[in-house]
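The structures come next, written out as structure tokens.
Next, two complexes with subunit A in common: one pairs it with subunit B, the other with subunit C.
Right, the complex of A and B next:
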């Protein structure tokens, strides 16, 4: 059963990612990105990474994409204009991403047929390494978030 | 569900995101593609965490999430400020410093 849901949600997340990248309308692209992130959270659930799945849905779906959509509301969508498709950039983009995809598959080929641990990692299991071994990075990340918040307000405020 | 499936999913997401970064001209769409790139790395970190049986990969995903939130906040502030000056989010209108 886990396998079926893993493949289903993996397919959904890739399909919505393709829609979000290629759609002309930015709002619809953002909603497709939201769906892609939620499907990815479900993929983490099927892999047993419970806490990461929840955090993925809350942070990516609830905070980041909503932040993008709020910023889009302050802009005039009609002023965005057309994006002409250039054959050169399409060819370069397709070729580079294809090469990268093949190289990722090549790097992962030696893990073909291996097996994963079946354990479920909830908040309790994550807390142990997070608050003992990685306590200093955790504190540094909190300072980074504070700096980013102050910086975003400083950059975004109107000049008098 | 083998480790290789995580490689396929991560590679597909990374390819889609990189395609978007190269092809799109809208700054907001570029941000969407960047988030996809970060997510593809997260998928692989979770896969390796489950492969090796320890949780260090998932802790790192937690840190990546925090950095992605900071990046989204600062990046959006810059885009909104630029939009106020130029009334545009197209990267081709931001070519003032181009050689």
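Right, the complex of A and C next:
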């Protein structure tokens, strides 16, 4: 039963992701992205990682896609989608995503092959490794995010 | 399993059945607070008013405006009800528990975060300036209230040490109500709750004085009613959650012996918060858009973060 739902939501997640990059209407693309994130949250649920699944929905569904849609709605959407696709960008993008896809597939198969259950259902199982074993990488990432925020403020600031 | 299904049926039924009387009570309460009688014509003191409303809404012409995005336009109202009912499904009422979940509190937050898409989509798909502006307001509002809400809830969670409502109530029956330990988180949550359900003083996405009807300007009939249902179910769910988090939920005298009493306690506490939303609506004018944003980001967010330290200290002291 669990496997059925796992593959169902995994398929939905990928399908919506494909729609989100190919759809002509940007708002609907954003919605497809949202659906993909929620389906991914459901995938976590089926793997037994309840906490990550919910946080996935809160963070990506509740905040990030809202921000995307908000930004998109302030733009002039009529001028979108008029430019034709160029073969070169298509080829480069395709090659990069193929390499990424294969490497993720390989890593997943190599290290976690065959098992659908994750050993991290609650907040504690995530917090302990994050704040003890991997504290340094965690802090480095947060500094990186701070840099991005400060950079965005510096770029967006009006000169007096 | 059977128990869970029965509980699920009870909770969904309660949510759907409770909405019409609540709309009647709201109009009555608002009326009396503003020194007018409220609905009086249909039945004794207007008690059949919800029925008349239902008949009117069902038989009203269902209009889809020209140039609207048909699919999203039809999808948005149902999304509002759907998200609210999903949130309701994990909230236990006394011993009635549909979906037991370890991270139930987070799940309610996630569903309430998702429910904002109903407003954004309705605003976008209506092909109407007012609706569109309302959708943008809804998006800005959700970004504003989500952080203070999260931090207020986290303060409570640090204190109780669990996301599970059963654990939270058990903690409170041992140590006393959460409001005694976390009055700031309680007030923050009440404040933010008004923004979350889009009620005055934070009903900016509706804003009937500036935006006609806001996101539901173009809706009529049952689609319009679906937004109503979503909003009121959200109010009920969040009232249940507040009384669980800060007022001890279903704990109370003799609740251990007679579980039914616990259900009544819980519903009674929730009813007070539902009344509070009517009260707020009767009392406060709407905030301006910039006022709302500065309240959320400049006042509530710092307070809620500072409150986390208080909660951590209390958790160390009380254990």
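Note that in this section the second predicted complex is superposed on the first by the 118 of 160 C-alpha atoms of A that agree within 3 Å, B and C clash if a C-alpha of one lies under 4 Å from a C-alpha of the other, contacts with A are read in each partner's own complex, and residues count from 1 in each chain.
FYI, a contact is a pair of C-beta atoms (placed from the backbone, for glycine too) under 8 Å apart; a residue touches a chain by one contact, two chains touch by 3 or more.
The structure presented is a predicted model; accordingly, all values stated were derived computationally and were not measured.
Enquirer: Name the chain, either subunit B or subunit C, that contacts more residues of subunit A.
Expert: Answer, by number of touched residues of subunit A: B.
Enquirer: Using the touch definition from the top, say if A:152 reaches subunit B (first), subunit C (second), both or neither.
Expert: The first partner, subunit B, only.
Enquirer: Pick one for A:54: touches subunit B only (first), subunit C only (second), both, or neither.
Expert: Only subunit C; A:54 stays clear of subunit B.
Enquirer: For A:97, using the defined touch cut-off, is the partner it touches subunit B, subunit C, both, or neither? Pick first, second, both or neither.
Expert: So A:97 only meets subunit B here.
Enquirer: Looking at A:31 after the superposition, I want to know if it touches subunit B, subunit C, both of them or none. Which is it: first, second, both, neither?
Expert: Second partner only, subunit C.
Enquirer: Determine, under the contact definition given at the top, whether A:3 touches first (subunit B), second (subunit C), both, or neither.
Expert: A:3 sits against subunit B, while subunit C stays out of touch.
Enquirer: Please work out whether A:66 is in contact with subunit B alone, subunit C alone, both, or neither, and reply first, second, both or neither.
Expert: Once the two structures are laid over each other on A, A:66 reaches subunit C alone.
Enquirer: For A:123, is the partner it touches subunit B (first), subunit C (second), both, or none of the two (neither)?
Expert: The second partner, subunit C, only.
Enquirer: Do subunit B and subunit C touch any of the same residues on subunit A, and if so, which?
Expert: Shared contact residues on subunit A (touching subunit B in one complex, subunit C in the other): 51, 55, 63, 67, 74, 121.
Enquirer: Within their complex, state which residues of subunit A touch subunit B.
Expert: Touching subunit B: residues 2-3, 6-7, 10, 13-14, 17-18, 20-22, 26, 29-30, 33, 36-37, 40, 43-44, 46-49, 51-52, 55-56, 59-60, 63-64, 67-68, 71-72, 74-76, 79-81, 83, 85, 89-90, 92-94, 96-98, 100-101, 104-105, 107-109, 111-117, 119, 121, 125-126, 128-130, 133-134, 137, 141, 144-145, 147-149, 151-153, 155-156, 158 of subunit A.
Enquirer: Inside the complex, what are the residues of subunit C that reach subunit A?
Expert: Those in contact with subunit A are residues 72, 101-103, 106-107, 109-110, 113-114, 116-117, 120-121, 124, 132, 135-136, 139-140, 142-143, 146, 163.
Enquirer: Give the list of subunit B residues in touch with subunit A in this complex.
Expert: 1-26, 28-29, 31-33, 35-36, 39, 42-43, 46-47, 49-51, 53-56, 58-59, 61-63, 65-74, 76-81, 83-84, 87-90
Enquirer: In the complex, go through subunit A and note every residue touching subunit C.
Expert: Subunit A residues touching subunit C: 27-28, 31, 34, 38, 41, 50-51, 54-55, 57-58, 61-63, 66-67, 69-70, 73-74, 121-123.
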